[in-house]
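Here the chain labels run A, B, C, D, E and F in written order, and each chain numbers its own residues starting at 1.
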Amino acid sequence: MENWLNSLFTETPQDGFELAIKLSRMGVKYTQPTKEILKKGREQYGEDAQFLITASHVIATNFRTIADTNNYWLTA
Amino acid sequence: MENWLNSLFTETPQDGFELAIKLSRMGVKYTQPTKEILKKGREQYGEDAQFLITASHVIATNFRTIADTNNYWLTA
Amino acid sequence: MENWLNSLFTETPQDGFELAIKLSRMGVKYTQPTKEILKKGREQYGEDAQFLITASHVIATNFRTIADTNNYWLTA
Amino acid sequence: MENWLNSLFTETPQDGFELAIKLSRMGVKYTQPTKEILKKGREQYGEDAQFLITASHVIATNFRTIADTNNYWLTA
Amino acid sequence: MENWLNSLFTETPQDGFELAIKLSRMGVKYTQPTKEILKKGREQYGEDAQFLITASHVIATNFRTIADTNNYWLTA
Amino acid sequence: MENWLNSLFTETPQDGFELAIKLSRMGVKYTQPTKEILKKGREQYGEDAQFLITASHVIATNFRTIADTNNYWLTA
């Protein structure tokens, strides 16, 4: 895998949330590296509310880690 | 994406809970940005108890992060 | 939404557990604010063990936040 | 609800694990207080592996809270 | 239940991971104590990927508690 | 089981994320040690979006533990 994660620090909470999304997607990509399959799955499940809310749960879990890292962006 | 998250600090626990809801919804919206699909999903699944309780779980996970940020609103 | 959450502090662990239940229910209510739909869902799913155990998971997640807030009720 | 939770402190890790089980069950019981329905559900789902592993997840989440409370039973 | 959990301390991270597996299994066993039913369930679901990944989630949750206990095996 | 986990410390966040993936896979492998069954399951479920997003959740949970261990790679 190419280099994609050098730091958990971000400038703003929103940047941190978007990094959490990236981690969540990379967790999927490492588990299923074939691009075509991923794309097909996204088309099928992107309309499924249970899938979407679970995706949001994964993002929340990763965001917790990133928010801790950044001391909740106390000086922001 | 427009600017939507500048701070995890809120004045009251209830404001924090409502911010947790916003984070949970944004996790869904980033995963499925098409408004019409989201609306259709909400109509279908808004009556599904398993979906609703999972949504509450995501909110709880985000609320934990926000409560930590605000030191549990100790002075509230 | 009316004012419903002023503090995460409670006198006893049991009060804290019951507040965790309230947070879990409010997470559902914010996601589906229509009372009649909620009532129908509760009738359908209140007998479903998978729903009940997931509800207990949400409560556990919220209880963690509240127990931390109250320093685990160290003087109780 | 009668008084059932006075403290999160236990003497041993195993006592703490068993208290975590109690919290997990009470989360179910508060959500569905009718005893007959609970009993029927337990008969139906007690053989379902997905239910059992989810129950174990709830216990793990509650155990974390209790282990923190007891400082991981450092003197045990 | 016999005595099965005296301490959350382990010598190595791998021992801690294996203790996390034990806690996860005990969570199932307390919920369904009948051995024959457990064995049948394991045969049915041991091939189900959704069950296996959920089991891994429970282990991850318990491992977090044990890693905290052992201060992440800092001297290892 | 052979020796496979000596330390939770890694040089970079990405190495930590990849170790989180390894822990998630080992949680599956301990639960279902038969290689052929695991391979069959991976073929069947590797295209299932709900499975993939749950796998990403397990990775997120393990990554939290590893990020804590490494003090969020503060000097990275």
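Keep this in mind: a contact is a pair of C-beta atoms (placed from the backbone, for glycine too) under 8 Å apart; a residue touches a chain by one contact, two chains touch by 3 or more.
Everything quoted here is computed from the prediction, not taken from an experiment.
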Shortest contact path, chain A to chain D, counted in steps: 3
Same-site or different-site touching of chain C by its copy chain D, using the half cut: different
For chain C paired with chain F, centre-to-centre distance based on mean C-alpha positions, whole Å: 31
For chain B paired with chain D, centre-to-centre distance based on mean C-alpha positions, whole Å: 27
Centre-to-centre distance between chain F and chain E (centres being mean Cα positions), rounded to whole Å: 15
In chain A, residues with contacts to at least two other chains: 48, 50, 54-55, 57, 61, 64, 68
Ring topology as an ordered chain list, initiated at chain A and continued via chain B: A, B, C, D, E, F
Footprint of chain B on chain A - complex, ascending: 12-14, 17-18, 21, 46-50, 52-57, 59-61, 63-64, 67-68, 72-73, 76
In the complex with chain B, residue positions of chain C that touch it: 1, 3-8, 23-28, 30-32, 37-38, 40-42, 44-45, 48, 50-51, 54-55, 57-58, 61-62, 64-65, 68-69
